[in-house]
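Heads up, the next two complexes both have subunit A, just with different partners, subunit B and then subunit C.
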Partner chain A sequence: MAFLQRRTSSIAAPATGAAIVVSIAALVPLGFILWITFQTGWGTASALLFRPRVGQLLVNTTLLEALAVPLSVLLGVALAWLTERTSLPGARLWSWLAVAPLAIPAFVHSYAWMTVAPGWSGLPAAVSISVLAYFPFLYLPVAAQLRRLDPAVEEAAAALGLDPWRVFFRVVLPQLRFAICSGALLIGLHLLAEYGLYVTVRFDTFTTAIMDQFQSAFNGPAANMIALVLAIYCLGLLVLEQVLRGNARYARVGGGAARMPTPRQLGWYALPCLLLPLAITFLALGVPLLTLIRWLMIGGAGIWHAEVATAFMQTVLLAVVGGLLATITAMPMAWLSVRAPGRLAYILESCHYYVGSLPGVVVALALVTLAVHAFLPLYQTIATLLLAYLLLFLPRALVGLRSSVAQTPIELEEAAMTLGRSPWRAVLATTVRLAAPGAAASMALVGLGIATELTATLMLAPSGVETLATGFWSSTSELDYARAAPYAALMILLSLPLIFLLQAQSKRMAGR
Partner chain B sequence: MKTFLLRFVPLAVAAALLFAPGEVRAQADAEAIVVYNGQHASLTEEWVKGFTRDTGIKVTIRKGSDMETANQIVQEGAASPADVFLTENSPAMALVDSAGLFASIDAATRDLVPEEYRPGNGHWIGVAARSTVFAYDKRKLSADKLPKSMLDLAEPSWKGRWAASPSGADFQAIVAALVALKGEQAAADWLKAMKTNSKAYRGNGVAMKAVNGGEVEGALIYHYYYFGDQAKTGENSNNIALHYFRNGDPGAFVSISGAGVLASSKKKAQAQAFVKWVAGKGGQDVLRTGDSYEYAVGKGAESNPKLEPLAKLQAPRVVPDKLNNKKITDMMTAAGLL
Partner chain C sequence: MSFLQLKSVSKRFGAIIAVDQVSLTVPAGNRTVIVGPSGSGKTTLLRLIAGFEAPDAGSIAMENNVLADGQNFIPAHRRGIGLVAQHGALFPHLSIADNIGFGLDHGADRQARILALMEMVELDSIMLHRRPHELSGGQQQRVAVARALARRPRLMLLDEPFSALDAGLREATRKSVSRVLTQAGITTILVTHDQAEALSFGDQVAVLRAGRVVQAGPPSELYFHPGDRETASFLGDVVVLRATFGDNFADCALGRVLADTAGHTGNGDIMLRPEQLRLSTAVAEGQVSPARVTAVEFGGSSCVVAVRLDGSDKPLTFRMSAFEAPEVGAGVRISVVGKAHIFGRSKA
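Here is the complex of A and B:
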């Protein structure tokens, strides 16, 4: 066995090396902002950091987070409970429809609402549209968790005299804590990174302010200082989630498997209960899709220019190549975190995740400045754009890969080695091949993220390269809503597989 | 099915990796000149279409906004991939010029444009112009209630009643003119009042739409947004009328859109040809007949007949290359508008 261990470690060393390289790359944006802060000098930096405008942005962003995240939690938990644990008619259909809004990019949601209610703006609009666009990120993990809860615990609580409401709050809800925390974190980070939605509803956040500064002064110190605040804010959210998540144990003990829970009979209550999924489906799917259809009809055939086709092709290519690159890059870390876990692996993995939590503007700002000053041949190239995508979507790639690697028994690698394969060939022939479905899912998740990415693409795309997102954006900025419609329709079409993937993933999480 | 997919996916992926970067780059033709564009994309696309039709020279457009692209060119310095720089307003041109990055415009091209629409040093020329206007809701404001001067909008009585797009290059050019005409202190005070008085929208078109929808009574924007919308459906401007400040008021400022050739360009001849085409009959005709509704500035060139004639606007005299840009964004940042 010692021989096998030695051979495995011959892979671990280069894998660690590769993971370290990726982690360093992942730290570049943050390190860069700190360096710029240092360069700017404390006098200028503090003048740019501690001014009323930054305070106002901080208040705006915090209000947005403090309202939209809890509302999404409420909505996500309520919908998940209705679709997973009750006799709601058409529960399966509703559960699909609850995930579907994710196929519509947030800035298409806001575009639809601006058509329906042109004057709606500010905090109320920002919060409402954010909730409609992002609540599925919470619905998904909560629904998956609800599906696999052991009903015996609830039955015991009920037998001890708790009424159904108390059972829910004292037994069910605590067991959802992890799912709620991770979904809420995901939504929180998306809210920080979102640009298009808040521009359309005229609500200023850190991200919109950075873009304003970028458009007025390219990568000036003011933009970088706001980026610093935003990066710290992100870190704050990550820490807050760690604290709220706690480390209580929620796994069942004892043998056997949990039973399927019996759905709660709603009886006549089913009717009022149906109103919630109906209303949400109308607001989060009906409004965007109907508006889009209206604009497509107004525009007629004239809005389907050649540019739309070019943008579609370029988007697909970027998504495929970006998805592939991110998945390959995440491979060493996925392998390490499963096969050779330890302190170092944990730190490296945190680096991989942290860069993904940074908003696109921050990463793009760092790469623009770096390329223009230090790596000029990389400037305005597809390579830089792909690098930005890679950094932004690294966590998505890692999540899918890691779980598939974990499911392949290490014994297969060992068996392959005892049969005479070199360690590399052994890993290639066993784990890599068996992890392929997970890798495909990772690629798809990354690719779909790329297909609707806006801010980094606006800042980094080479001259003449237009994606669906940037094409949509430049049309809406000129208030040409009809011309924007084909881009939006194609983005939604490209994003449809996302729904299937996420549903499948959540089913797998629940083990059903 | 599964094995098929497993075999097919790596193949497809390998093919994509090999061909995709080339495919994407093919859009940016190596032969083409690169135009960094702060102008409206639709106008520049019209110009490019006509220029390529007449000369066979291809053009790649890099989209951006005035100050973004100007600062970008300055940072890129001698390594800039840009051959031509086109803007909506003069401050961005002045910024690139002050960094010494423009080549001189051919004398024959310069002569196509009257002196008042180009800087004395001949490093760039004006190719179009736009006028500041107060676009107001004609259901709410009658002629006697309109502001006499742009400076009046700083008064407390106008609080919450007007809109602008402070993050845009257009508005920043208006502020630059204000600084040039009334001095820095007066401009800083006005901006401070503006922060409390005005509602900020992103984009002049959006601000106009807000006036039309009754959200505010008026907006300080450029004239052509109104005409462009009227020519389409009018759904964003049917309740609107334009008020020209005239009398040399800062609010009567006429902003000059510029074109320049980069000193670092490796395709100077083609770049000069492009600027010449835009300033010449072909480019100026696009302004008259197209849907941009910007003013033509070429000698003998006529603007769209629907527009209020340029000569009647009584615009203040502002030297285009004296408009300081960096200072404007700093002042607006200090006023909390950015």
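Here is the complex of A and C:
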């Protein structure tokens, strides 16, 4: 703990203590799964692990990742380039529309496609709907990075004799590597965690298999074993991303602010180029929204029953409390990672992030197992549900908080100390106060994640607690598509601010 | 009377020794400047005094109270030391009035005190309710000074507070801050990498290099009698010539110049500041110092004249008005004002 000695601030020690507690709490459920597996014994475990069913799930999940992620990269990069770097008519509007599909939960996408094309199922449906639902996760960072690239570098390449295509592949694309890797990882993790979408299109993945085991047979050991494989798969994706990303830095060299890039004139190509954003907007926004409107019209006033209002209230309450909890919990880590970075801080931060990257089904299963074996009174309580949300969405809270703490210069804390404030009061008066907007954004991000969370909520919510997501799900499971529509509409309305937030954030990153 | 005393203070970060056995005494009411190139450990030294870092070895005491040694460590907020940071570090979420009043109690005379402080640093009271970003750089620094003064500190630390300002404003702000601190009778330590600022601001200047104080003393002493060549050239332009030492004189390419040669015999280097050299075109018959002008560079208010001495391959440069500048190729005579300095003979 060398950094504790270096910093004389009396805050580092308690903050580290708090971060260690959170990290351990985050790792406990996972450790519990390992322990249960260990207890199962190697014979049973290997019998459960090495069977055709698990092999088939592995093939399915891998095929899904191998097809959907590259397609999302292609689509995201193409759209980002068109909207950020060309004279595409209405580029600003297309840029908003490219982010908007995020407001629609993936299982609402699939619900719409089941209405439009009931026969569309299996791998092709899983891949195509996944791409439509998740490509904005790639579009966002890539577009933000494109905005930040210094056009002088591309001009230098052109002056060295490279034609525009070669400039793109040799100069622009390498500079997008970080953005592409992080976006692809985010999509990859979402594909692992997604449940509703793949159930709707009848495609089995690890997540759907765990839910099957859990709901129908309540087969503890079998579910636990698959969850373990899924957790390892998830870790594999994280490692793969680290390897692909490399450690090269692509910072701009030189002082001053970069010029705005000159948009590439598309000329007559503008028309064919317009087809891409048009088609994507129609498929990723038009189809779900039009379907939803159609069901709302078919259902009429009758589908807006009291249960919808209850679900809405409960969702908002859970989102607010969960958002608050996650933000407070992330505070010590955010402060530490900025103010006292070091090996320990890095390890603690990785713990915070790793659990958040696990699929909800794994975290929920771990909590159920833990509650059943060790803390039965916690089984099926709001506390357990909130704990699951906390673990799942901790990274979201951390990201926003961390960057706003980083934007608050440490000199302010020090100035407050030289003016007689104790270290705690100095941090409260300066950094915490100035990080408030970031904290609000974190709370919103976490809250919106909670509002559309399906898997963990299905597994952990006590009876009587219904959120918009579970309400929607139970209606579609009964094939009552009209009845499900109000839940979906409210989820989309709640998620819209997320789009504004994300888009505004990515514009601010580029200083526009 | 020593007010602040540092004894063999050391601080390392990992393998890097930022501050290496620094001993420094600051008398009460004195203005001390710590000057050194970037990376020399100036800021770390300041942070050790302020209480943001604890020394690995050595002790820091103020008015005979130990601030930090092996066992004791008084944290920054209990030291009563004021600090003005490089960019002011004003609280962006507070008005000017609240920034200045940050360290004040919420008593009845708070408002009056804030106004008095603003007047002290010559800030118009209409700025009271503005936010820091609405002020110019120079005004922000004055607010930072007023904010630090509000606590009536016994010691004020200035961490390159003028370096972010442009040249003209820089000098004016420096003068007004210096006046305010003198009037308030506050002992001050300024950290800077700017030698001109160091020489004009300080009663005492300490030159820091690679974490060590290589020389400390009054500015003129350091300027004219630097301990070594590096300190000499850090504090200003130098002319270094080979010479043969005699009794209170030295013979060099410029002829015979006065020098304190006590303790030096044989050959060695002498140092002159360029402003000690006088150039004249009138070369009398039979006079030595045959030197030729090799280049004249016009630069508006002053020209740079390069002169080559016989037997030397490095030209000397002179700054003079274009009206006085000789022609290229002209023979010139160089005379020396004052004494030459011999390294290793620093009085400090």
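Going forward, the second predicted complex is superposed on the first by the 503 of 512 C-alpha atoms of A that agree within 3 Å, B and C clash if a C-alpha of one lies under 4 Å from a C-alpha of the other, contacts with A are read in each partner's own complex, and residues count from 1 in each chain.
Operating definition for what follows: contacts are C-beta pairs under 8 Å (C-beta built on N, C-alpha and C of every residue); 3 or more make two chains touch, one makes a residue touch a chain.
Owing to the predicted nature of the structure, the values given are computational and were not obtained by experimental measurement.
When the shared chain is aligned, no partner comes close enough to touch A:Phe375: not subunit B, not subunit C.
In the superposition on chain A, contact of A:Glu414 is made with subunit C only, not with subunit B.
Judged by the touch definition given at the top, the superposed model places A:Ser422 against subunit C, while subunit B stays out of reach. Once the two structures are superposed, subunit B and subunit C can be ranked by residues of subunit A touched, with B on top. Legend: residue contacts after superposition of the two complexes on their common chain; A:Ser10 is shown touching subunit C, with no touch to subunit B. Look at A:Trp96: by the touch rule set out above, it reaches neither subunit B nor subunit C.
Applying the stated contact rule after C-alpha superposition, one finds that A:Phe169 touches neither subunit B nor subunit C. Residues 433 of subunit A touch subunit B in one complex and subunit C in the other. Residues 5-6, 9, 12-13, 16-17, 20-21, 23-25, 27-29, 34, 40-42, 60-65, 67-68, 70-72, 74-76, 79, 81, 167, 169, 172, 200-203, 205-206, 209-210, 213-215, 229, 236, 326, 329, 332-334, 336, 338 of subunit B are the ones touching subunit A in the complex. Per the touch definition, subunit C reaches subunit A in the complex via residues 13-14, 50-54, 73, 75-77, 79, 81-83, 85-87, 89-93, 102-103, 144, 147-148, 150-151. The touching residues of subunit A, when paired with subunit B in their complex, are 48, 51-53, 56, 118-119, 199, 202, 209, 212-220, 222, 310, 313-314, 317-318, 320-321, 324, 372-373, 376, 379-380, 382-383, 433, 436, 440, 443, 462-465, 474, 477-479. Residues of subunit A touching subunit C in their complex: 2, 6, 8-10, 409, 411-412, 414-423, 426, 429-430, 433-434.
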